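Listed next: structures, encoded as structure tokens.
Here come two complexes built around chain A, the first alongside chain B, the second alongside chain C.
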Partner chain A sequence: MTTTVSTTRGGVGDSALRPDGTLKVTGEFAFSSDLYADDMLWGATLRSPHPRALIRSVDIGAALALPGVYAVLTADDVPGERRYGLEVVDQPVLAGRSVRYQGEPVAIVAADHPETARRAVARITVDYEVLAPVTDPEAALAPGAPQVHEDADDDPRAGHSEPGPDQPLGTGNLTRHVPVRRGDPAATAPVVVAGRYEIGMQDQAFLGVESGLAVPAEDGGVDLYIATQWLHVDQKQVAACLGLPADKVRLTLAGVGGAFGAREDLSMQVHASMLALRTGRPVKMVYSREESFFGHVHRHPAVLHYEHGADTDGTLVYVRARIVLDGGAYTSSTPAVVANAATLGVGPYTVPNVAIDAYGVYTNNPPCGAMRGFGAVQACFAYESQMDALAAALGMDPVELRARNALTTGGLMPTGQLVEGPAPVAELLRRVRDLPPAPAGADFLPGGVANTTRGEGVVRGVGYAIGIKNVCFSEGFDDYSTARVRLEVINGRAVALVHTAAAEVGQGLVTVQQQIARTELGVDQVTVATADTRVGSAGSSSASRQTYMTGGAVRAACRLVADRVYARAGVPEGRLRDGAVLDASGAVVASLADVVGDDPIEQTTEYRHRPTSPLDPETGQGDAHVQYAFAAHRATVDVDVELGLVKVVEIATAQDVGKAVNPQAVVGQIQGGTAQGIGLALMEEIQVVDGLVRNPSFTDYLIPTILDMPPTRVDVLELADPHSPYGLRGVGEPPTISSTPAVVAAIRAATGRPLPRVPVRPEHIVG
Partner chain B sequence: MDFHAPGTLADALAVKAAHPDALPIAGGTDVMVDLNFDRRRPPALIDLTRVGELRAFGADGAHLRIGAGVPYRQIIDQLAARAPGLALAARTIGSPQIRNRGTLGGNLGSASPAGDAHPPLLAAGAVVELASVRGTRTVPAAEFFTGPKRSVLAADELVTAVLLPVAPGPQQFAKVGTRTAMVIAVCSFAVALDPVARTVGTGIGSAGPTPLRATAAHDLPLPWDTAGPLDDDLVRRFGELVAAAARPIDDVRGTAAYRRHALGVLARRTLTWAWDDYRKGRA
Partner chain C sequence: MRVTCTVNGEPREADDVWPGESLLYVLRERLGLPGAKNACEQGECGSCTVYLDGTPVCACLVAAGQAQDAAIVTVEGLPAAGALDPVQQAFLETGAVQCGFCTPGLIVAVHDLLARVPHPADPEIREALAGNLCRCTGYEKIIDAVRLAASRA
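After this line comes the complex of A and B, so read on.
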């Protein structure tokens, strides 16, 4: 069913202002690190300096003896389940017999001052038996390799997030293998290109470090104020680890300073709660920037071997690939990331014969999990590099080669899933190609104010890429969101209150909820209550799903409220607009305020997208995904080929968003996602050597500045999806996926270098 | 942690003499990072921002004297004509906020091999003025640095000023970083032509345990008399001498091989630009 969207001011389709916008710009917004409670203590964490070691003993005596220290807790003090995990429960709250990555928490402290807590941490003595770390994922998969989890206390078991309890767990160092087989896996073709590609470990680099406040409650439970992406999955894990029923662990969303996947896993939630329950005092924890690099998962580094076969006219005959994703020490979201890399592994193309194997592997490297793009990023860099190599081998235009093989509505994915919604793959590519070229003169040359060139060695290049991303949770997971909407009269005006548990992580979800309520209920004033666990789960602010899912839930709840208004007003086919109740003919029947009167109308409901299916474990066949989203990029770069420095001159991008619920926010997502993709292309990498992170700071983990971000041309298509609320399509991830290969393609065009690895470093360009 | 806030240089030197393990802080762009990262726990800080003498600059005989507390912003805005190499380097430092706060003296006090202000000081033949209650001494910039984050600065001394010969010829500075701004140098290079002495001053940053000079290039036989265009071989030779003078290592910011290569490129380019300026000045 499609709905006529009203023209309500601040409603769906309007670039309504964010309620948090002014506060954030003026520095007045309260982030989770600003939380405060009278009488609160400060928590701190002792972390392992070793990527792999056995713990012989932990001596906390000297730390406890320090004045101002209220508690020092170790693994033995965990009151409930000693491990947690999103998809697989395998990560210790505090390390017990062994540590498996550098930075793994070993002990926690509560003290009267953060400095006291830090000093106490330094006085804890841990006797480690240091072991050689497992750091090469390929070697980790080999028979006889040392097992990262051989000394675990218990076998891993399924967690609460996608793909859910039915997924097969791996064995040994294999966390998951997803094969995808379609057509003839041994097909041959006259034109063949093969390549090996590598992705470095990207960090989400959110600005708001991990932080929160745990307040012990009189009922023996805890109230946790926390920056997270999914309150209810935190609640389940925290309650299990504390040995408390879920209703005694109440979570409230605190101000979130960015997420990008890094807040899907727990960080300090259980630790602060344990300290609060032990001391009977509120406990605040705030990671330092350096600690933050050890406090959350990163994007999986990957090695991808691809072979593409095509006819001489460019028609793809087959794609074969082997994708190895380094998941690090614990499972986190690796199984779902592996499934994405495998099922989206050929890109938005029609390929009759596919044989892809994607693997997630345990190592003693930092744990990797969710990050914007989630498995689709790694695959896209490889398959788009391959498409360019194939175009070169065929002597074809790279855009035309892509268009010739482009997925279309009614096409089949390698999983056998029918693409039902709009799939404007060829159109998006042609749109970015047909834009006028970037201006000849850039704002500045590569090197910027560092004065490295006056034009010497500078060569321009243009590159293209397109990507595909699944929206919402996949593989048969019961994915839903809950919304409570209350319509009441305040000061003579009908106003709405929307309450969900959905995490506003900076993407603009609060604004979207307001817009939907305005459109559906015809009211101006909509208040969005602080997200907390007093209402049902909203699912995660990830997988580009919240506008779809929580937007869908808010719409559904509003419509239930509206139905009760119509019933009260005696209007069977009514509408609500501008504070009035209209009949089917559009005539005003009553004012909304009069109908609601002093009897507020409240409805709570759950919204589910269409069900998906698990993947066949042998063939990878199945209708695993809900919705596909596409974005295309054209990158124009200037490269100083003698110094290997790159200036991205312009990014042109086209993306189908189905319906731009908030056009300005859509453009913001596309620009921000593109910037993150440029970062991966040019500079962003956590450098890990022998399991040790070499650059845990913003001094040496570089992210693009405003001067690295070029002007963008953003072309937004709105081809409605028949199954989603308002026809919308998830927006947040696609721009991150294709911007990276587009930038690298442009550098290749300028330099002729193969550049099989990102981020591209100057030494790769100068050779 | 004690905090001293002397109002005069004499008071500052007295505090430093009384508390030799106190850490001076001016802009705080290095010190605060060390404190925040818990790399350093000095027993006391000496805030130098109230010491007016350190913020002065101006002619001092044949030299330009720049107080240690002069921030980069001021060097860029007010000293570009008199200290062109240093001003070019100052433009590449950090963000606008850091350039507003960070000082030349702080850069020297940290003595990082990657300090952006150091190569132009070496190239121009600057001297560093150090003071203590015992008196004042000057040290050539090239002798100031003794190792990574180490210098000849004694425990009771403060860096008070830099003395630069008034630029007798064109100067250039270039820095390679892996993003467009707010980046620590992968390597950097400064050149200063002295048409009077007929010498080529050089400074190499972030490619050795200290800032370095390519002394073998000092007497490069440039066609000073004719002011003709530079021979390609001569420019190449200069690049080779500079690359050879570097002592780079592999680290998170780049490889030794890349640094050596890039220094050769920067040397060739900056010499050519400086020489073009010299020729224009003569025409």
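After this line comes the complex of A and C, so read on.
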């Protein structure tokens, strides 16, 4: 079933090297924080210290009086729409009458030195009337709870922006409720396990902080050089807030230092543009690490109640769940995260009777939105913990229990959607199980170089998990990407130029675009133009969708170019290979360079995946998703059961990627995604107390270091999807989903502790 | 104040330096060398690692004045005679670079490791690079890069 693609050197299926790699290893690659312009000023942001307060007044006089300060702007200075948002326009550019989370921007400053800008920020006086924050999402849903958005004149949901499916939005503090009902919601079974699970707030913790450069233009517009995941959705929001037509807000992708969902929402884009337009000078903004923790949304913390019922042979009879996701102060992408948690809530299993209710809730906690895995991560920790509990209750092997209930091609999701493509759920699990066990010894014991044990009290455990993720945008969204491909002759050789607006965020999309053009056009030299808004939207670098979507668009544009080559050469059903035009029999008819000559061929086209449909608002039924992706993990851990310290000894992954367009990059995605899941299992949590973030630094918010990461084994399957370009399947998110429950299952195996919450802390193990 | 030092073999001078500025700021914003990166500016991530008189340091933790008369080598200074340093080449080939933000600091740290320990075992690699955070790769291909660079030494 593996697809075959004619192998072109550096083409599809080859581990071609990154075109930006040399610049990145020499330090010459220009990230968004590296930009410079003559006469540029530095921007800085004043943020609310309170999670909930009314603003009585803002006094900027002392800040403006500071030498070197060129502008101090507040909500009254926003030239256009005062709010923005991805799905719902509810987030103030600058807070007006109230603040709803700690860190909400209140005022912005431009000065000639970043320290001057920071000192000016410190001189702004804001008179707050501090209110008690709404911090418990369950309590927030109760009747009579204080309303996060109670100010009627300040109604966050007055405008409903276009790029989202029609959302059945909630009322009050309810952002969205997605029910899924299948079969008999009150079904009974002889074996029942129930549990309450909790996921802490994870941060994307990209290394390249929010930053960019806004340059005022002579036409009254602005040129914005920015790190983002979707240039056109930024452009639309920035233009609205500036009160400018879209063609006067031109965005160019600057180097992106990681994204992982945290760059879906705006951060400093409007602020830098406002300051640039006000001062008439270029303005650079670079957040500090601490500010970055307040400058982007996080992964939703969640509380999940699950009940699984099964026959005595292990066959699942029903799953019932209530999932509450804390969306924080503003909507961001919460509606779509809720839909993912609900529709993927039973995992990759066939379940005849399902009753799931997922809720997104407004609180005065930090806003939450997109992070790699997007709602599927929270559900997977709960349903995989439940599967282990069920296996224990039945006395069954946890892998065999999963295999018995595994979703297969032709199976039905709880939404009623037919799974058409390959669904090798049981095979992925058996593959990781059947790998040789991790080596008996280990380079590092729990506690690592701190030398807290010589092996006494150390117990080894092994755990398994598998997850499911939707690829591309769902629920009827018009999801497309645009590519422009130009074939021309330079120095006697046919070369291709690929231009899209797709955001390279580190995943290797620029490489993939080159590879596809090489394969389709039979040329060696392919240049990928800098992504900008001079070409149509590519959609977002999220939902594991860009190789599928922008890859699909580049392939489609290349094929339109090739058709014109064949027409010119008078070769119906031709092919292009190694710089030559071939006829249907494979004979060389002409050199490509001769056919193109001095008349370049250029085509621009949009690519769309198969349409999806909205979910029924009562039953959650509908063909809402485009493609499903699966990954399984086996984690091996050593636990110091006396100190509660964990060392992951090895982690093994099997994932079906449909077609590995770039095998080296695919493995890199799987390893990196797995690391983020290990981080959530063991250490990563933004700790929020009374709406206040307690650990906004890399000293206190820990991400895995090279000492925390174990050796990985990666087994890549290539089972072609019949509907996607080259049969490929989105790769980026699945490894982040199942690694967390696999690690926790391994700790449970070593300790016997229930561990219903991640990250697992030492006190959970020894307490 | 004025700061005078040698950077990548060239004498350099920065004027009007505010005493609170870090060496990182001077390199990036005053000397046009943005290769050292600014991911945390509190010494936790290692992305700003440079050599200061032969010792790898976090440039964010070095006050600009401490660089007076010092010899500094940044990632931009590692290629010799127009060719990539073997460490840079190995990062490129093994796929150790994704977003690339941690890459300059890691390359300097690996360059230092291999100068001290030409053929490090895996635990030595992990200990030596424990101060350099990477969020994209899960580190496996970074270890591959170190092994490859060491094998060519």
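Note that in this section the second predicted complex is superposed on the first by the 749 of 767 C-alpha atoms of A that agree within 3 Å, B and C clash if a C-alpha of one lies under 4 Å from a C-alpha of the other, contacts with A are read in each partner's own complex, and residues count from 1 in each chain.
As a working rule, a contact is a pair of C-beta atoms (placed from the backbone, for glycine too) under 8 Å apart; a residue touches a chain by one contact, two chains touch by 3 or more.
Keep in mind the model is a prediction, meaning the values are calculated, not measured.
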Partner chain in contact with A:R761 - chain B first, chain C second, else both or neither: first
Chain A: partner with more touched residues, chain B or chain C: C
Which superposed partner A:P352 touches (first chain B, second chain C, both, neither): neither
Touching partner for A:V449 - first (chain B), second (chain C), both, neither: both
Which of chain B and chain C A:K24 touches, first, second, both or neither: second
Which of chain B and chain C A:T705 touches, first, second, both or neither: both
Which of chain B and chain C A:A675 touches, first, second, both or neither: second
Which of chain B and chain C A:A205 touches, first, second, both or neither: second
Which superposed partner A:P185 touches (first chain B, second chain C, both, neither): neither
Chain B versus chain C as contact partner of A:G416, first or second or both or neither: neither
Shared chain A contacts, counted only where both chain B and chain C touch the same residue: 288-289, 444, 449, 697, 699, 704-705, 707
Complex interface listing, chain A residues touching chain C: 15, 17-18, 20-22, 24-31, 33-34, 36, 113, 115, 204-209, 255-260, 286, 288-289, 443-444, 449, 505-508, 664-665, 667-668, 671-676, 697-699, 703-707, 709, 711-712
Residues of chain C defined as touching chain A within the complex: 18, 20-21, 28-29, 32-42, 44-45, 47, 74-76, 78-79, 84, 88-89, 91-95, 97-104, 107, 122-123, 125-127, 129-143
Chain A to chain B touching residues, read off their complex: 118, 288-290, 444, 447-454, 456-457, 642-645, 647, 682-683, 687, 694-695, 697, 699-700, 702, 704-705, 707-708, 761-763, 766
List of chain B residues in touch with chain A within their complex: 33, 36-38, 88, 91-92, 172-184, 186, 252-255, 257-258, 261-262, 265-266, 269, 273
